[in-house]
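Dropping the structures in below, format is structure tokens.
Two complexes are shown next, each including chain A; its partner changes from chain B in the first to chain C in the second.
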Partner chain A sequence: MILPAVAVLAGTVLACFLAILPGLHIYNVMGLVAMLLYALNGGGVASMPEVTIPFLIGLVTGWSVLNTIPSVLLGAPDESAIFTVLPGQKYLMSGRGYEGVMMIGAGSLVGVFMLVFIIGPLAPKFLPVLRCVLNPHLHWILWVIITFILITEWPKGGNWGPAGWRKFFDAWSTLGAGLLTFMLSGLLGFLLLYRSPVSVENAFQNIMPAFVGLFAIPWCLLNAVSGAEVPKQIVREDLNINGDLLLRSGIAGGIGGGFAAFFPVVTGGVGGLLAGHATAQRDERIFMMSQGVSKTVYYTGALMLFFVPGLYLTRGGGAWIIRGLYTPRTCDFYLALGSIALSGAVSFLLLSPLTKWTLKLMKKVDYRWISVFALAIIVALVFSITRWTGLFVMIVATGIGLLPVLFGSRRLNCLGMLLLPIACNMSGIGEPVAAFLGLL
Partner chain B sequence: MKGIAHFISGVAVASFCPWAVEAAQNGNAVYFVLGAVAGILPDTIDFKFYRFFYPHDVRVEPCSEQLDPQPIADQVAAAISAAAEGTPITLKLSTIKLSADNWRQYRVGIDPGEGEVRVQFGPVVSTGQVPQPDSLPADRPVGVSKFSATVKQGYEPVCTVDIFDGPSFLFKRNEVGEVETDFLPWHRNWSHSLVIGALLAGLASLVTWKAGAVIFGAYVIHIIEDQLGHMGSNLFFPVTKKRAPGLKWMHSGDALPNFTTVWLCCLFIFWNIYAAIENPVYHLGFIRFMMIAMVIPFAIFGLLRWLLIRADGGEPETLSTSWDV
Partner chain C sequence: MKTNESNSQPSYGPQVKRPLRVRVLQNLSLLLAFAGLILLYLYSVNRGIPLVRAGELSPTMNFATVRLSGNVTRDAYLFKSGGVVFDVDDGSAVIAVMGGRAQADALKAENRLPRRGDRIEVVGRLSISAEREPTLRLQSVDQLRLSRRPAAAPAASLVRLADVTAEQEGRQVSVTGLLKETSLPRPGSKAPYILTLEEEGAELAVVFWDRVFQGLGRDIPMPGKLISACGRVDVYKGTVQLKVWEAEDLRVVRAGE
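This part shows the complex of A and B:
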């Protein structure tokens, strides 16, 4: 009883440090932990599931709650780019970064509550039915999601001036950039899947350099060159939210995060997009809290599904990593739920002091330097695992990841790297496409 | 309705076609994707293509530095008066962009009873149309301009202009001499015609009638859903020239009808693919399924929301701005 609790707390505390670094993904860290555990097992030291499982759950839950801090406070955008970022960053630029973080954190707490008290208890009864019926249909669901991502991007230009081609092209510059981003990242995905330049020994971290390049590096670069000055931040304890707003955020984020956790390849961002559209909520507070709910339900929920009796579904990088180490038993489900509850509560309690500490740090150190520091760590991590080849993949991916930043289209289009090759594979056309591309 | 509701409705229509489900079971996603695309296509045509080519005779482009409502009122009133003379006029009210995420809101009211146009500037709003605190201009005169015409309102009497592309109007004299105001004349016009839907379905049927059936069904469901709102659609273009008024049961952006539609469609899709399983491992009844998946969760949500709102003082928070022309 004591040992798992200590392990959860250790995972959560480690997640605190990891979450502060912008761009560092918890799955990369879990991958390193897994490699360490494999090495220990190889050396004859057996890892105890009642320690490793709560520790890894603590890592994921803690990170999913606390990574709100860099996403709001360390992503100060230029005026020209503010439209492409979350409302959380608008809070930062109006001096209300603390309020923004805590609002998303409140959403995360709702997400933890939903996982432990609603989704968890209902999952063993309903999710096996859902999986049984939907399994043969996952491929078209993925194609429909891809269609939705591509077809619903809104043209941001073309709002003024006389009618005609000029107006049309102005509007379509963002849409075209979005389509191009999706296609290029899809091609990169095919390349990595069928002829990965990353060595076989590091196949575990095969897509890590590309993911870092597509999402983390453009963010750090954008911050590093940003001309924006972060205004003085005011710490306000009153969040101006109520039960109704929390309930509506919980529904929106729970559906989005749950959808993403259950369906393969669908990420939290895609789930959030779908839920945001489906629930048609205009209030920025609901949007922000629902993103908190969504990411917690997505990351932690995907891991939880691995332990659901009768389901044992492997979704998300965390579950795949644990799967290589261990086969779950029914009793582990309750251990997992308890670990999620403990880690979620502790993480939320840590959120406020950590946010205040980060704000103090930002007063002393320019956020641009923090981004440069984070960039150095990420690049070092990529290099240490995948060497020069990984760095090259990362640079190529960064080029693609910068497209949406420069043209103001959705960054979600970068997910073409996963969505396109996997949808093709699930429909049975992956190999012909790869052959057409000369990859076979 | 919002795009996702139309989109998923198209997918739901495809799920009602046995050949689509059978093809999907064999790895062919094409009917479901066709349903999804056809479901959202009428709006895609309007918002991503047609509106950029729709010409406007008058473009009202207010200045962000000088918030003077009078020139706007004058231009709108002049357009109505010119239409009364017999010349159809298309007029565009441009938005006022202040920065990447801030827009100055203004409202234009056409009052047929008083024979005047009233215009007033409002708060700064975000792209989510949320008003920024303390952003109403200190001095907010109402610009008033008279027109000499009998006006028949085609949509709502007050129009709010704020984000992205501003609204446009077609002012046109009808056979009894009234000036009809046609809101967003480029939207829900020819693209929202059942005839066009049939035409597209016919084209697809050259490949296979099954694709044609899915496309027609998805297109029709889009038009039916839109007909539940205020604006309506030009149902039989090119036979009909005007939009048939909607049933006014909802606004297109309302959260509850949109979410209910999306959820209901998801349940229909699930049920249809479940029903296509020859020897299902789990046995479900339709009524029980709908109770568990829709009625009970919605009832719990409604009850919880009622309790939470009651605990918070009895009124749900709204984002509407407390000003009007």
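This part shows the complex of A and C:
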């Protein structure tokens, strides 16, 4: 009882520090933790599941709540929070960054409540049935999601001036960049899936450098070269939200995040996209809170599904890492739910002081240097796990990840790295495509 | 922050003479993406797929695309739901190789389903469970090279029951012992059939599933009979057992044999 609680708290507190660093993804840190545990096991020291599971759940839950801070204040989201940047930046530039963070955090708290009190108790009964029903249809649902991602990209140029080829190309530059990003990251995905250049000894992290390059590095670089000055921030203890707004954001975000957590390959970014489309036209506050709900339900929910009796679904990088360490038992479900509840509560309580501390830090240290520092840590992490070939993959992925940043298209297109090869495999055409590419 | 006199736009720091255009950066990122991807592709396809030994696999190798070479120790088994599985012994350990429906259909159509004793070289993706039980998942039947066994399959070494220990996990062995007791699964259960053999005070559980039971003509020997079994040594929940995959590997020893 005491040991798991201490492990959850330790994981959540560690997540506090990790969440502040822009661009650093919790799955990368979990990979490092897994390597340490493998080394310990190899050395004859057995890891206790009562400690490692709550610790890892504390890491993921804490991070999913607290990574709102760099998303809003430092403009460096992970792919699940990319839709919070624009409204978050608006709050930040009007001196209300704290309010923005707390609103998204309130959404995260709603997400934790939904997981512990609604989804968790119902999951063992309904989700195994749902999986059986949906399993034969997953391939075409994935193609629908891909189509949705591609067709919801909108042209950001070509609004002004006389009609003609120039206006046409101007409008299509964004759309073309989006399609190109999707295709290139899809090709990279095929390469990593069938012929990963990452050393066999560390293959369990073979897509990590690509993810870092596609998502983390471009934002860190962009922040580091950014010239924008952050205005003076005001800390208001009352948030302009009520129960009705929370409920509406909870429904939209819960559906988006739940969809992402349940379906294979679909990530938090897609969950955010779905939640955003359901709420964007209504109210900016609902939009922001729904993003908080979505990312927490995605990250923490995907991990929870791994422990659901009769389901034991492996979704998301966190669950895949834990799967290599431990086979869940029925009783672990209660341990997982308890850990999520405890970590969710503690991390939300930490959100306010940590945001205030970050605002103070930003006054003293230029946030560009924080990004440079985070960049150095991320590169060191990639090198320590995957060595030179990992850095090579990371640089190539950075080139692809910079395309949406520089051309103004959506960064979600980078998810083609996972979506394209897996959708092809599920449809039975992965092998011919890989053979055509010379990868077999 | 200063104001640029020429266009009254705010600028940071002194104005440079030839400011860098965004288009240059866009083109540079395109160049990086294309050139990098081509180089990565060339590196990956020319590197070759590394040959690994089943006994030296570690959990951090999970998801690696690797090559394995060895002898097939269990005939390919086709699942009713589609898919195929067979065992390969590369001299260091035995590893299960699994394929999907497409691979199973292709192997069957080409009459290339691996049989015990065949020499095989196969490429696939490793999947290592938390119990450190590795399996290799076939990517394509084109990456499977098969040499049919020229003569009889190499016989498994005959050992005494007392000598079957956890250290021999993964090894193919033959044992003989007196049948002490039998344990049959309940109807509909996926649990195995267990025959407990006894020899000179040592006991060993011989484990098999419904396919072998059907192969035995749904006939389980009575306790007291002398049984010969050939299978793979395995450790399940700390107990050493012998897993038998083929009905022909389990038989009653007649008097005089």
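In the analysis below, the second predicted complex is superposed on the first by the 425 of 440 C-alpha atoms of A that agree within 3 Å, B and C clash if a C-alpha of one lies under 4 Å from a C-alpha of the other, contacts with A are read in each partner's own complex, and residues count from 1 in each chain.
In this section, contacts are C-beta pairs under 8 Å (C-beta built on N, C-alpha and C of every residue); 3 or more make two chains touch, one makes a residue touch a chain.
Only a predicted model underlies this, so the values are computations on that prediction, with no experimental measurement involved.
Visitor: After superposition on the shared chain, which partner residues are touched by A:155: those of chain B (first), chain C (second), both, or neither?
Guide: The first partner, chain B, only.
Visitor: Mind working out whether A:352 is in touch with chain B, chain C, both or neither, as first, second, both or neither?
Guide: In the superposition, A:352 touches no partner, neither chain B nor chain C.
Visitor: Using the superposition on chain A described above, determine whether A:251 touches chain B (first), chain C (second), both, or neither.
Guide: Only chain B; A:251 stays clear of chain C.
Visitor: First (chain B), second (chain C), both or neither: which does A:197 touch?
Guide: In the superposition, A:197 touches chain C alone.
Visitor: Scan A:144 for contacts with chain B and chain C and give back first, second, both or neither.
Guide: The answer is first: A:144 touches chain B but not chain C.
Visitor: Quick one: classify A:38 as touching chain B (first), chain C (second), both or neither.
Guide: second
Visitor: Of the two partner chains, chain B (first) and chain C (second), which one does A:428 touch, if any: first, second, both, or neither?
Guide: A:428: touches chain B and chain C.
Visitor: Could you tell me which stretches of chain A are touched by chain B in one complex and by chain C in the other?
Guide: 428
Visitor: Over in the complex, which chain C residues touch chain A? Could you list them?
Guide: So the residues of chain C touching chain A come out as 1, 12, 22, 25-26, 29-37, 39-41, 43-45, 47, 49-50, 52, 58-66, 102, 126, 128-131, 139-140, 142-143.
Visitor: Contact residues on chain A for chain B in the complex?
Guide: Against chain B, chain A makes touches at 79-83, 87, 90, 128-130, 132-134, 136-137, 139-140, 143-144, 147-148, 151-152, 154-156, 158-160, 162-164, 167-168, 171-172, 175, 242-248, 251, 274, 277-284, 287, 426-428.
Visitor: Show me the residue ranges of chain B that touch chain A in the complex, using the header's touch definition.
Guide: 2-5, 7-8, 11, 24-25, 27-29, 32-33, 36-37, 40, 44, 47-49, 52-56, 59, 61, 94-95, 97, 99-101, 126-130, 164-166, 253-255, 258-259, 262-263, 270, 273-274, 277, 280-282, 284, 301, 304-305, 308-309, 311-312, 316-317, 319
Visitor: Show which residues of chain A lie in contact with chain C when the two form their complex.
Guide: Result: residues 34-35, 38, 41-42, 184, 187-188, 191, 194-197, 200-206, 227, 229, 323-327, 389, 392-393, 395-396, 398-400, 402-403, 406-407, 428, 431, 434-435, 437-440 of chain A touch chain C.
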